Structure formats: structure tokens, C-alpha cells
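Common to both upcoming complexes is chain A, partnered first by chain B, then by chain C.
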Partner chain A sequence: MKFRAKIVDAACLNHFTRVSNMIAKLAKTCTLRISPDKLNFILSDKLASGGVSMWCELEQENFFSEFQMEGISAANNEIYLELTSENLSRALKTAQNARALKIKLTNKHYPCLTVSIELLSVSSSSRIVTHDIPVKVIPRRLWKDLQEPTVPDSDVSIYLPVLKTMKSVVEKMKNISNHLIIEANLNGELNLKIETELVCVTTHFKDLGNPPLASENASQARNPEQMAEVHIDIRKLLQFLAGQQANPTKAVCNIVNNKIVHFDLLHEDVSLQYFIPALS
Partner chain B sequence: MPLLTQQIQDENDYSLVASLDNVRNLSTVLKAIHFREHATCFATKNGIKVTVENAKCVQANAFIQAGIFQEFTVQEESVTFRINLTVLLDCLSIFGSSPMPGTLTALRMCYQGYGYPLMLFLEEGGVVTVCKINTQEPEETLDFDFCSTNVVNKVILQSEGLREAFSELDMTSEVLQITMSPDKPYFRLSTFGNAGSSHLDYPKDSDLMESFHCNQTQVNRSVLNIEVATDDEDTRFLY
Partner chain C sequence: MKHEVRRRLLYGGPHRPFYAVKRNSSLGKRRRRGGVKSRSFEKRGQHPGTRGRQAEARFATRLVRAPAMLKCGMGGSQVKVFGKAIQALSRVSDELWLDPSEKGLALRSVNSCRSAYGCVLFSPVFFQQYQWSTSVKMNDNDTISNLNCKLGMKSILPIFKCLNSLERNVESCKIFTRSDKCKVVIQFFCRHGIKRTHNVCFQESQPLQVIFEKSTCSNTLMIQPRVLAEAIVLFTSSQEEVTLAVTPFNVCIKSSNEESMDLTSSVHSEMFVGPDEFDFFQIGVDTEITFCFKELKGMLIFSEATHAPISIHFDFPGKPMALSIDDMLLEANFILATLADEPSRASSPQSLCLSQKRKRSDLIRSNSKAGKNVTSKALEHISRKAAPKRLCPNETLTDISALENCGSPPLKRVSGDVGEVPASSVRRAEEVLASPCLRKFSCMFFGAVSSDQHFSHPFDSLATASDSEEDVNYGSFSTF
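This part shows the complex of A and B:
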């Protein structure tokens, strides 16, 4: 098993740092999957995360000037590593004005992801800061649980409103209730609702637009006014929203009535999928 | 405010209807008296008075005059209800506690009458939030009976200076003594703590003194262990 990669472009470095900051906000522990073309940050531990799953994907050639990997075998040319997300984002903090960043898989008594950052000092001499991030190599037999989640056939697909507004509202709603209903229809309307004995609060977002549905038949059968809804844990929604630093390039919300809400985001060239199941 | 007026079908029978272009004009004032969970709202055609009480010994009142509102209608002589102030404040600031510069959140408040919930319609940037808060039986609030003819001394101070003074008070003192006099020291806050006594004097011609009317020397003591909240409006003391 081998992995070494290098970033020399400042913009790529900043982008990679932003991605790792986002992952750190979304999942305490995650799986990093390394394959010849991609890097994935995966959260699939249904029990620990209360059913939430995350799939973040980036094309390695958009970031790394050098990228070499060798999986556990020729037939299974992938590496799965479990790590504490914050360790990576903390290491990358040092890379703010770095000349170059190198990541490689090493063995220092235990497997590590070693991040070496070459910094330029005032006197034009460079110094290197190294971070050894402990990782756990995930055995081949557990890979089946870490595959890309199948996107369910949604009842409603809608573009999300400005995430900042959603986050402000959900933050306040969290003071009032632990669960929330997210509902949307094919008429570009999305509502966030909370209800307790004391108070009901509903926020209405309109004119959001709906992405074209995969099958024409489905869109004609459904009444555009009819809402599809999911009852979810408000903290999970807030955690997802808090992880989005900037407004994404594309943001779609897919709802399967009473089952699951699926967020499909694109931050420039990094895709993020986040699944929140209905409360049982 | 077309977005919000569409929501209401027939408001003619509503006991209270009020509109504000900027909800912060209301939420800032209410935050200042938010030291207990519940508040009593008392509305007349002159405006709304919100009262918060603690153990029948401290009462804070916020007056919001009818003129502050863009629209203000009270159908009956007076409308009274008790409400959870924490929830009300959460609803009024639903779009965030610190607004983005340049954005305003509009509010429309409706109360149908006894037994009905308080309805709030808030709008910011085309997004509308509707809140329905259950109301409760109003409780008897203390009537401090500030009868004007009995007023001996009246001092109006700018709250900023007073807030600074209050934050520096010696908290080991059990009491706060307030002295008002037509002669020096004019207006004095005194504490008697473990380290000794300390006095904060405000001369009557101080910049912070908005108005000073003192007919006779008066010394009053009150228990210090109370949180004092001031808002952006002037703090008024009547003795």
C-alpha cells in the first residue's frame, strides 16, 4: 500500500483546506478513500452518527500536481483510512501561505498520514512543518459498508435557498424544538416547520425552482402543490448547514416522503452528498 | 408590506393588529427586560406595555408607543395576555440575532382576542416566517403607583453612563444607596462592601444628566442583588 501526493498551487491548497474544514464540521471521524482518480471523505457509520451519511468526492487531478497510489492489491486498487477529521484540518491550517504541501501514507509505529508543509520564511529560506496524523487502515471486508450511497427516487427535488438564511432560521428553531419538518413541492416552495405545545413556527421559502425530473412521467403524475415531508432531528440539519462556509455552486434537496432528505451540493468542483433519515 | 398582508383573511375582528418595518425596534426593547421567562402584555390605543416581574419585588416595564408602529389598531379599551417572553424573542429574531447590514425584517403582529394565540408574521428578503404562540391568563402585576403629584425628586440620566456605573458596583455590598439632593453631591450611588464604602457622584451639570429636578434631600436603599437591564432609551428613575 502506497500513497504520496503533492500540492504546489496556492489556490488548490486553499481549496483543499476549505474542504477539510468543511469535513471537520460535518463528521468527527470519517473515512478517507484513496483511489487512482479520486479522493472521498465518507461517513457511513449509521449507528454512531444516528443514521446520517455523507459522501464527499473530489477529482485528484484538480488539486494535486503529483499523485501516486497503490491499493491493497491490483484487483482492489483502493485505500480506506479512518481518521479524526479535525486532525487533518488542523494540520492544513499551517499551510496557509505554504510553498508546497506533501501528503503520504507512512508507518511510524502505527499507520499515519504524514502532512509536510514547506513554508517560505522572510529570509527566503524554507522550513518544513510536519504533522503525523494517526490513521486506521480499514480492512477489505468492511469496504462494502463504505460505498457510494444510492440516491433514492425522490418524491420532490428542489433547489435550496440561500444557506445562510436557512442556517439562521434553523439555529433559532433549535432553541424551541428538537425536531423539525422539512417539506417541499414541485412548485418551488420549501418550508421548515417546528411545532411544540407552546408554539408553531413555519418559515416559507418560495420561487426556488425545481431541477428537471429524471422521468417525465413522474413529474406529470404528481400535483405540483403537494408537499413531500420528512421529520428530522434539528441538530443534524443544523450541523449540515453549519458546515457550509460559502454558498455552493449548486445545491439541491431531494425528499423521499417520510423516509429521508438528501442534500446534493457542489462547491466549485467538490461534490458533497448528505443524507438525513426520518426520525423513527 | 404586500407579502405579509396576504396572509391575513379578515383582521377586522382582531383585538390587536400592529405592523413594524423594522422588528428590531421591538426586540431590542424586550431583550432589555428579559430577566424572566414570562411577561404580561398590556395594549391600549396608546401602545403596548410589556411587564416582567420577579418574586413581587422587582418589576421591569417596556413601553412601546403606538407611534413607533407603522400600523397600530386596538379594538377594545385594553387587551391583556401573558406570554412566554423567551419564545417571543426567539421568534422575533428568527432571521438571526445580528442582522446583515442593509437588511430589515418586517413584523406584523395579530391577536384575535382572549384564548387565541399571538400570531407573528416576519419577512426578510422575500422569506416569510409565521409564528403562532399560545397565550395565557394574564396575572396580576404589581402597581407601583407612580402618582405624579407625589413625586419629590426626578432625575433622568443617560443609560450608557449608568450602565457603566452599575457594572462597577461593589457586589460585596448588600445594599445600593441612592442619594439625591439639591446640594452636593446631587446624585450619588453608594455601596458598603467588604473593602469599605465607595461612592459614585454625578454632578447635576454632568453631560450624562438629561434632567435634574430635586426639591429635597432623599436617601434610599435597595437590595443590590438584582440584575439591572437598560436599553437604548433613557433610563428613568422616579422617586
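This part shows the complex of A and C:
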């Protein structure tokens, strides 16, 4: 197993740092899947995360000037590593004004992802910073749990409002109750509802727009006013929203009535999918 | 007695009692530490007119004293530097000593495990106004004692909390002591005519100072604080210890991992810095020293305020290292213990320490015979076992009690009274401590601050009965 990659472009480096910061906010421990053309950050540990799963994908060409990898075998040319996401984001934080960044898989007593940063310094000599991030190699037999989740056939698909607004609303609602109802319809309306014995709070977002539906039959059958709703744990939604620092290029919310809510975001060229199941 | 009183009446005209001025009856309640005796005034709270003077006259032959005092003033921009010094010292420990002398005002702090010591000395030039005095007691024995002022960091740190707003609003600051009430008064004269006064109670306690010769260290580095600050970013706040590894070609700052820690969960970071990034680079011996991260951060906080380069003086692992800043207006020194991972190496500095201690105790004994009251010079040597996970073990006390269990008396600080540490017991303590399977921290040389100027170079006057050649090097110490 081998992995070596290098970033020399400052913009790519900053983008990669932002991605790792986002991942660090979304999942404490995640799986990094390395394949010849993509990097994926995967969270699929249903039990530990309470059913939440995450799939983040980025094309390696958009970031790395050099990229070499050799998977477990020729047939299975992939590497799955488990790491603490905060370690990676903190290591990248020191690469603010780096001349170059190298990541490679090493084995120093235990497997590590070594991030080596060449910093520009005032004097002629450059400073080299190395971080050895301990990782765990995930064996082949567990790979099946870490595949790309299938996007469910959603009842309603709607574009999300400005995430910052949504986050501040949800933050305030968290103080009232842990149980949030998210509902939307094909008329561009999205509601966030909190219901307790004493009080009901609903925030209405209008004129959001709906992405074009895949099949014609579904659009005809469904009443555009009818809401599809899911009852979710508000903290999970808040964690998702807290991870988004910049407004995404595209943000779609897919709701399967009483089953699952699926967020599909695109940050420039990095796609993020986040699944929150309904409360049982 | 009566004659005295009459004389006083005539001087300055007929007697007019000053009723407006109420003499504080609590003056009599002065603490008795450090051998300083107090005056007892009439407790009626009257101004000592004839009555008071009579009482005073009664004791005139015994007690005429002026209390030790400090009075200084500084401008708005100096307040920030002063506040930063306090913040940096707060990283060392929870107690702060204010120690004025002719060299300036020293702020000292020692942590409870005696593995870190910080001292910031502000020269008189730093202040707009600087006055200090020792307490002079005309007695059978002349005693000169300093203002022994120990403040709780919890009391003084909040006063200098928001330094940026202080810098903007404060025009000048006055600090003075009121020995009668054991209080330090800090007054901020702010804009718009606002005056803020803080009264902080202090305890009378003799400060410790470390005896450490920077120039004998074989490795010296001088670096701009910015570079070190960039290195600090590498490490998480949970990182307790940091290792500095030097060779003549480069310097490496890296995270230090204890063996007992879970290696598979923590990130190991290192940063290599080339020699040309240092203002001064002198490496005599390749070495790797490990020290506490917290105090390094404390020093960096302070260096941000002064913009002066930081000098690092160190030797082999086990010997304390010094971080210092030398400016025209101030001098800051942080002496940190370093981890000694080889017991054999650690024992040699210990033995040096102890032989000094023996000499010191000899000196004390001989002086007491001579009738001089050596109130404040003493050496304290504590060598500790490092607990596996932390730089500072939970309590130094456990080590001392361990020593007690082993039958040797604990090494104690010599305070106002003359103490004697028998040489034989000290040696026994050394043997107990040098057990091979423990990683030890090097000892710190300590001496109580002395106002007695006769003893500036005590070791020079001793007849050398040294055990090892290295003792000669420690002939003249610079005290911080």
C-alpha cells in the first residue's frame, strides 16, 4: 500500500484546509478512502453516530499536483484509513503560507499519515514542519459498509435557504426541544417546527425553488402543496449546519416522508452528502 | 522620658492635637513574621499627641522603625507590559512576589513543584517614578528586611485583565504599598478623570530566587519570538511537554510523547528551524531537552509585548534551562526544569546542588556563631520524581514524605530563622532519590532573596572543600 500526494498551489491548499475543517466539524472520527481519482471522507458508523452518515467526495486532480497511490491489491486499488478528523485539520492549519504540502502514508511503529509542510520563512532557509497523524488501516472485509450510500427516492426535493439563517434558527430552537420536524413541499416551501406542551414554534421559508424532478410520473402524482416531513434530532441537524462555513454553490434537501432527510451540497468542486434518519 | 516629651512640645510651637487625623489602631496588629517587631499604639484611635507620644516614648529605645515600602508610577503604555508580565507569571504559579530593590521592581513566581520559576525585573528607568525602602529596625541587632510581599495571582490577575482596553484608557498607574494594612494599592488614572483603585492584601513572605548561571550553559540560542510563536501553533493545548533537539546544523522543536501515553492516538509534530533564523546560534553540545509547554507559552505571551528576542540557555537534559529577555528597561527570566531521562546523568547535577547546600549550611552556622542574623540566605534543593504522565507530579509533598519515610529529614527552606541542614542527612537524601528506574527532573537552585548586601558572593568567601571540580565553576552565581 502506498500513497503520496503533493499540493503546491496556495488556493488548492486553502480549499483542502477548508474541506478538512468542515469534516472535522461534522465527524469526530471518519474514514478516508483513497482511490486513483478520488478522495472520500466517509462517516458510516451507524451505531456510533446515531444513524447519521456522511459521504464527501473530491476529485484529486483539482487539488494535488502529484498523486500516486497503490491500493491493497491490483483488483482492489483502494486504501481505507480511519483517522481522527481534527488531527488532520489541525495539521493543515499550520500550512497557511506553505510553499508545498506533502501527504504520504508511512509506517513509523504504527501506520501514520505524514503531513509534511514546507513553510516560507523570512530568511533563505525554509522551515519544515512534519505532523505524523496516526491512522488505522481498515481491512478489506469491512469495506462493504463504507460504500457510497444510495440516494433514496425522495418524496420532496427542495433547494435550501441561506444556511447561516437556517443555522441561527435551529440554534434557538434547540433550547426549546430536541425534537425537530422538517417538512417541505414541491411549491418551494420549507418549514422547521418545534412542538412542546407549552409552545409551538414554526419557521417558514418560502420561494425556495425545487430542483427539476427526475421522473415525470412523480411530479404529476404528487400535490405540490402536500408536505413531506421527517422528525429528527435537532442536534444532528445543528452539527451539520455548524460545519458549513461558506455558503455552498448548490444545496438540495431531499425528504423521504418519515424516513430520512438527505442533504446534498456542492462546495465549489467538493460534494457532500449528509443523511439524517428519522427519530424512531 | 518627660524631657523628651517636653522637647517635642516646644518644637513646632504649642501643642495642638490633630484630631482630624485618626491614627489607625490596627497598626499594632502588625504581623510578626520575619522577626519584625511592631509598635503598639494606644488603641484609642487618637492621634498621638502627648499621650501617644508618651507611649511611643516609652518604647523609643526599643522600636523605631520605618516599614518597608514601595511606591512607583508608570505611564499607560507601560501598564500593558507590566500586565503582560503578570499574565506570563500566572502561567508559572498562583502566587506572585513583589520584590523591590535598588535594581528595580522584581516580580517573581515559583510553581508548587519547584520545576518552574519566573522573574521579571523592571529597572527603575521603566517607571516614571520609583521609590522603595527597606524596613530598618534600630534594635539590638540591626535588621534590614525587604518588603516581603506575596500576592495571590487570583487577586492581581483580574486587575490587569483586559490589557488592550487598559492601554487605551489608562493614562497612568501608581502602585504603592501600605505596610500598615499589608496592602498593595494599585491606582489607575484613566481618561475622563476616572480613577480606579484596587487594594490587594498581601502576605508577608520571603521570595525565592533561583541561582542559575546562564553563561556557563553550553548552548545558547537567541530567536525572535515570532518564530517560537509559529512553532507553538503546532502543538495542541493538551500537549504537556515539548522537546527541543539541537545539533550544530539545525534545531528541532517537537512534541514529546511519554511512554505511557497512547501513541496511536496523538499526533507527533516537529518543526525544523535552520541556524540562520536565529539571531544568535551557539551550540556546544548536541542535546535534546524536554520541558513543560505551559511555561514556554507564558514566556511567549510576555515577549509579544516587548518585541525583544528571546534567549534560550540550556545544557544537557536534567539541567534547568533558562528563557530570558533582556531589554534596556526590563529583564525577564524563566528557569524551567528539564526532564532527565538517564538517572546516571541526573545524579551529577544533584550532587553539585547538594554540595552547595552543605556549604550554605556551613555558612549559616558560622555566621550565626558570629552573631549575624542571616535572615534570608538559604539554599533549597528539591529533586523530584516525575510522575509518568505529567511534568509536575501531583505534589512535591509526596516526595518529601517519601524522603521522611526513608528516614532522612525533608529539605526545608530556611526562612527568617536560621536553619541547619545536617550534611549527612542531605547526602542520604541524595542516595534515596537516585533510584535508577525513575525519570527525574533536575533540581533548581534556590536562594531566598536577601537584602543583606554583604552576602552578594557568598561562595567566594568559603574555603573550598569541594567534592568535584565542577564546584569551582559555581563560584560566582548570578542571582535573578
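Following the convention adopted for this analysis, the second predicted complex is superposed on the first by the 280 of 280 C-alpha atoms of A that agree within 3 Å, B and C clash if a C-alpha of one lies under 4 Å from a C-alpha of the other, contacts with A are read in each partner's own complex, and residues count from 1 in each chain.
Just so we're on the same page, a contact is a pair of C-beta atoms (placed from the backbone, for glycine too) under 8 Å apart; a residue touches a chain by one contact, two chains touch by 3 or more.
This is a predicted model, so every value here is computed, not measured.
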Checklist entry - Is A:S168 in contact with chain B, with chain C, with both, or with neither (first, second, both, neither)? => result first
Next on the checklist: Looking at A:H131, would you say it contacts chain B, chain C, both, or neither? Reply first, second, both or neither.
Outcome noted: second
Next on the checklist: If we overlay the two complexes on their shared chain A, which of chain B and chain C does A:N254 touch? Say first, second, both or neither.
Outcome noted: neither
Checklist entry - Of the two partner chains, chain B (first) and chain C (second), which one does A:N185 touch, if any: first, second, both, or neither? => result neither
Checklist entry - Which partner does A:V199 contact after superposing on A: first (chain B), second (chain C), both, neither? => result first
Checklist entry - Touching A:A91 in the superposition: chain B (first), chain C (second), both, neither? => result second
Checklist entry - Residues on chain A in contact with chain B in one complex and with chain C in the other? => result none
Item to check | chain A-touching residues of chain B, taken from the complex the two chains share | outcome: 84, 86-87, 90-91, 93-96, 124-134
Checklist entry - Mind pulling up the chain A residues that touch chain C in the complex? => result 84, 87, 90-91, 93-94, 109-110, 119, 121-125, 127-134, 136
Checklist entry - Of all residues in chain A, which touch chain B in the complex? => result 161, 165, 168-169, 171-173, 175-176, 197-207
Checklist outcome for this item: So, in the complex, the side of chain C touching chain A is made of residues 230, 233-234, 236, 263-274, 276-277
